[in-house]
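Please go over the structures that come below.
In the two complexes below, subunit A is the common chain; its partner is subunit B in one and subunit C in the other.
Now for the complex of A and B:
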C-alpha cells in the first residue's frame, strides 16, 4: 500500500483524534465544571462498559433498534417501489405520508405510551415509524427514475408485473433505496435515544439523561462518546454492505473538479 | 397532466387521511379506547381552532418557528458553502471528508446534553442542535451535486475565459442546484423533527414544551394539538420550499 492510500485509510481515525484534541483544548480553555476534558470523559468509559447493568441497557437499545429498523425496511421498500411504479398507489399514499413526515416520531411517544405502556413495544414502534418514512421516500424516488425502456424490454420478453418489480425496478432503484436506509439508520439512532429519554426505563438514552439530571458530567460525556461510536460503527458497517451491493453504480467521487 | 387527472389524484390522496380519521372516530365512538386516552377527532380539531387564535399559542408557534428558521438557515449557509468548497478544492476536501464521515452518522441528539451544559437552556442550544442535524444532508447533497457537474461545462466556461471564481458561482452552483434543494428538503423535515424534540427535552416555551406539559397533566386533547400543528407547519414549509424550487429550477428539464 502506498503512503497515500494509508493516509486515506487513516483519515477518519485522524479526524476522530483531531475532534478529541479540539475538545480537550476547548475544555481546558473554558475551564468549566460542567464541561470535562476529553481525557476525563474517556476515563469514565471503562466504568460504564464494565457495569453489567449498563451493558444490558445498551444491548436492549440495540435490540429494539435492530427490530424496528428491520421491520421498517422490510415493509417500506415494497411500498415505496409500488408507489414509484403506479400513479394510483402514489397519489393514494403521498398526501398521508407528507402529513406524517414532519411529525417527530419520538413525540408520539407520550401518546403511544398511554396505550402500549413503557415497554419494548412502544419504543420499537416509534423506531419503526421513524425509519419507514425516509426509506419509503427514497424507494419511491428511486423507482420513479427507473428507465422505461428497460421495463418495456422486460415486458416484451414476457416478465409479469410483480417479477418486473423484483427483477428490474428493485436492482435499478437499489442505490437510492440504500441512501434512504442510511438516513433511516441515523434517524433510528435519534429516535432510539429520544424515546428512551422520554420513557425512562432502560436503554442508552436513559443512562445519558439520568447522568445529566444527577450532574455526573463525565458520565454524560462518556455516554455521548459511546453513542457516537455506535453511530459511526453502524454507519461504517452499513457502508461496507452498501459498497458490496451497488459497486456498479459508484459515482466517481475521487476525481476532484479541475478548474483552477 | 390535465386538471381532471389532478383532481382525481387529490381525491384519491384524501382517502387514506379520511380513513385514518374515520378509524380514529370509530375507536372512540365504539368504546374501544377510553376518551381520556384518545379524544375524538372533532374535539381535537375544535381545540386546535380555538388555540390557533389565542395569543399565547401563537407565541409558542413563533418561538418554535424562530428556532427552526435560525437553525435551518445556519445549516443551509454552512452546508452549501462547505459542500462547494470541498467539491472545488482538493485540500479542503481532504480535511472535510473524514470529518463528515465521522460526524454525519453521529446521533446529534446525544450531543444535546453537552450543548445544554455549554450554551444554556435558552435559544442557543436548540438552534445549534437544529443546525447540526440539518447540516449534513445539505452538505452531502451539495457535495454530491457539485462533484457530479459535467467537466465539459467547466471546460467550455474556461475556454470562454471565465475566471475560476465565476465558474464556481455561474456554472457549478446552478448545476448543483437540484441536488442542493433535495438536500434542503430533507434538512427542513429534520429541522422540524429536531426542534420539537429539543423543546420536549428542556424548554419553557414552544410546541414541544406544550406537548410535554399536556402529557404530564394527562390532557390527551392538548397532546394532539401541538402534534397536528407541527405537521401543518411542516406541510406549509414544504410547500414554500417546493415553490422556491420550481422558481429556482425554471428551465431545468423535469423539476
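Now for the complex of A and C:
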C-alpha cells in the first residue's frame, strides 16, 4: 500500500484521535469541574461497561431502538413506495406527513407518556415516529424517480401492478430507500436517548442524565463517548449491508462516509 | 407531388374494408389528445389507420413531436387512445402483454440485475424453469454478441451493449411483435450502424413482425419492408412507401444500389414538400 492509501485508511482514526486531543487540551485550559479531560472520561468507560446494571440499561435501550426502527422501516417502505406510484395515495398522506415532519418527535414524549405511561411502549413509539418520516420520504422520492419505461418493460413481461411494485419499484428505489434508513438509524439513536431523558426509568439516556444530576461528569462524558461509539458502530454495520445490497448502483461517493 | 418508388405506394386514409388474413396489428382510426398544462388540448395523433402484416418490418418515420412514439405505445398497450382502437391478431389491445415486446431508446434495463438476470427475467416471469431459462438466455446473449458479459451489471456496459441486452431481454419471452422505439437513437453513428446490421441479421432468422419508430430516413429504408411517413402536429400518416429491396440486405451493397438511393431522395423530398406546405398559412 502506498503511503497515501495508508493515510486514507487511517484518516477516520486520526480524526477521532485529533478530536480527543483537542478535547484534552481544551479541558486542561478551561480547568472546569464540569468539563473533565478526555482521559478522565475514557477511564470512566470500563466501570460503566463492567457494571451489570448499566449493561442491562444499555441493552434495554438497544432493544427499544431495534423494535422501533424495525417496525418503522417495515411500515414506511411500503407506504412510501405506494405514495411514489399513486397520486391519490400521495395527495392523501403528503399533507399529514408534512405537518408531522418538522415536529421534534421527542417533544411529543410528554403527551405520549400521558397516554401510554413511561414504559417501553411510549419510548418505542417515539423512536418509531422518528424513524418513519425520513424512510417514508426517501422511499417516496425513490419510487417517484423509477423510470416509467422500466415499469412498462415489466408490464410487457406480464407483471401485474402489485408485482411491479415489489419486483421493480422496490429494487429500483432501494438505493434511495437505504439512504432514508441510514438517516432513520441515526434518528433512532437520537430519539432513543431523548426519550429516556424525558421518561427516566431505564436506558442509556437514564444513566447519562442521572450522572449529570449527581455531578459525576466523567460518567456523563463517558456515556457520550459510548453513545457516539454505538452510533459509529451501527452506522458502519448498516453501511456494509447497504453496500452489499446496492453494489449494482452507480457509485455516489469515492470517499467512504463511515468506518466500514 | 410524385411518389416514385414504383410498386404500390399505399395511400393513407380510411381503414381497408377487407382485412387481410395475415394482419398482425390493426390500428383503426386512432386519435390521441393530450391535456397540456395550459388547459389546451394537444392533438398528438389524428385519425391513424394502419395495418401491419405478419412478419413485416414496418418503420414509422417522422420528425420529433409527430406522435410516432405515442402510436407505438398505443400498440404496446401502455397508452390508451382517446379515440379509435388498436387490435392484435383481431383482439382488442387493452393493456401491455408478452405478445408485444418493447425495446426503448432509454434501454430501461433493470440495473440491479446482471445481463443474464435481465434476459432471464421474462422467461422466469412466465414460469420457464430456471435451468431452461438460463440456457435460452445464454444462447440469446451470445446471439446479440455479448458472450462473456453475462455477469456484468448494466452500469458497467456501454450504450450499444445495453441496447443489445435490452433486445435479448425482449426476444427472450418470444413476443409475436417487436415494438422498437427509436432504439438506436441514443447511440453514436458507428455503434448505431453495427446494431442496425446485427438487428437485420437476427430478424432475418425468424422474421418476427417489427414496428420500428425512427426519425432517420436511412435507417427506415435500410431496415424496412414498409415505411410509414408521418406529418407533425397533429400526427397524421402522410404516405406509406413500400421498400422493394432484396433481402438479405447488406449495407455495402445497398449504398451503391441506385434503388436504395432513390428511396432516400424521394422520401427526403416528400418531407421537404410537407415542410413547405406547413409554412404556408
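List of remarks:
We adopt the following convention: the second predicted complex is superposed on the first by the 246 of 260 C-alpha atoms of A that agree within 3 Å, B and C clash if a C-alpha of one lies under 4 Å from a C-alpha of the other, contacts with A are read in each partner's own complex, and residues count from 1 in each chain.
Basically, a contact is a pair of C-beta atoms (placed from the backbone, for glycine too) under 8 Å apart; a residue touches a chain by one contact, two chains touch by 3 or more.
Remember, predicted model here, so these are calculated numbers, not experimental data.
Superposition of the two structures on subunit A shows subunit C fitting alongside subunit B with no clash. Looking at the shared chain after the overlay, A:201 reaches neither subunit B nor subunit C. By the touch criterion stated above, A:155 is placed in contact with subunit C alone, subunit B being left untouched. Contacts of A:216 after superposition on the shared chain: neither subunit B nor subunit C is touched.
Of the two partner chains, subunit C is the only one touched by A:248; subunit B is not.
In the superposition on chain A, contact is made by A:147 with subunit C only, not with subunit B. Between subunit B and subunit C, B touches the greater number of residues of subunit A.
When the two complexes are overlaid on their common chain A, residue A:171 makes contact with subunit C while staying clear of subunit B. Subunit B and subunit C never share a C-alpha pair closer than 6 Å once the two structures are laid over each other. Residues 147, 149-150, 152-153, 155-159, 168, 171-172, 174, 246, 248-250 of subunit A are the ones touching subunit C in the complex.
Residue ranges of subunit A in contact with subunit B, taken from their complex: 11-12, 14-16, 18-19, 30, 32, 34-35, 87-88, 91-96, 98-108, 110-111, 114-115, 134, 183, 185-186, 189-190, 192-194, 197-198, 208-209, 212, 217, 220-221, 223-224, 227-228, 231-232, 234-235, 251, 253, 256-260. On the subunit B side of its complex with subunit A, the touching residues are 8-10, 12-17, 20, 33, 37-38, 87-90, 93-94, 97-99, 101-111, 113-114, 116-118, 133, 137, 144, 146-149, 151, 154, 157-158, 164, 167-168, 172, 186, 189, 192-194, 196-197, 200-201, 208, 211-212, 215, 220, 223-224, 226-227, 230-231, 233-235, 237-238.
Residue ranges of subunit C in contact with subunit A, taken from their complex: 76-78, 95-98, 100-102, 104, 106, 108-113, 121-122, 125-126, 153-155, 169-170, 173, 175.
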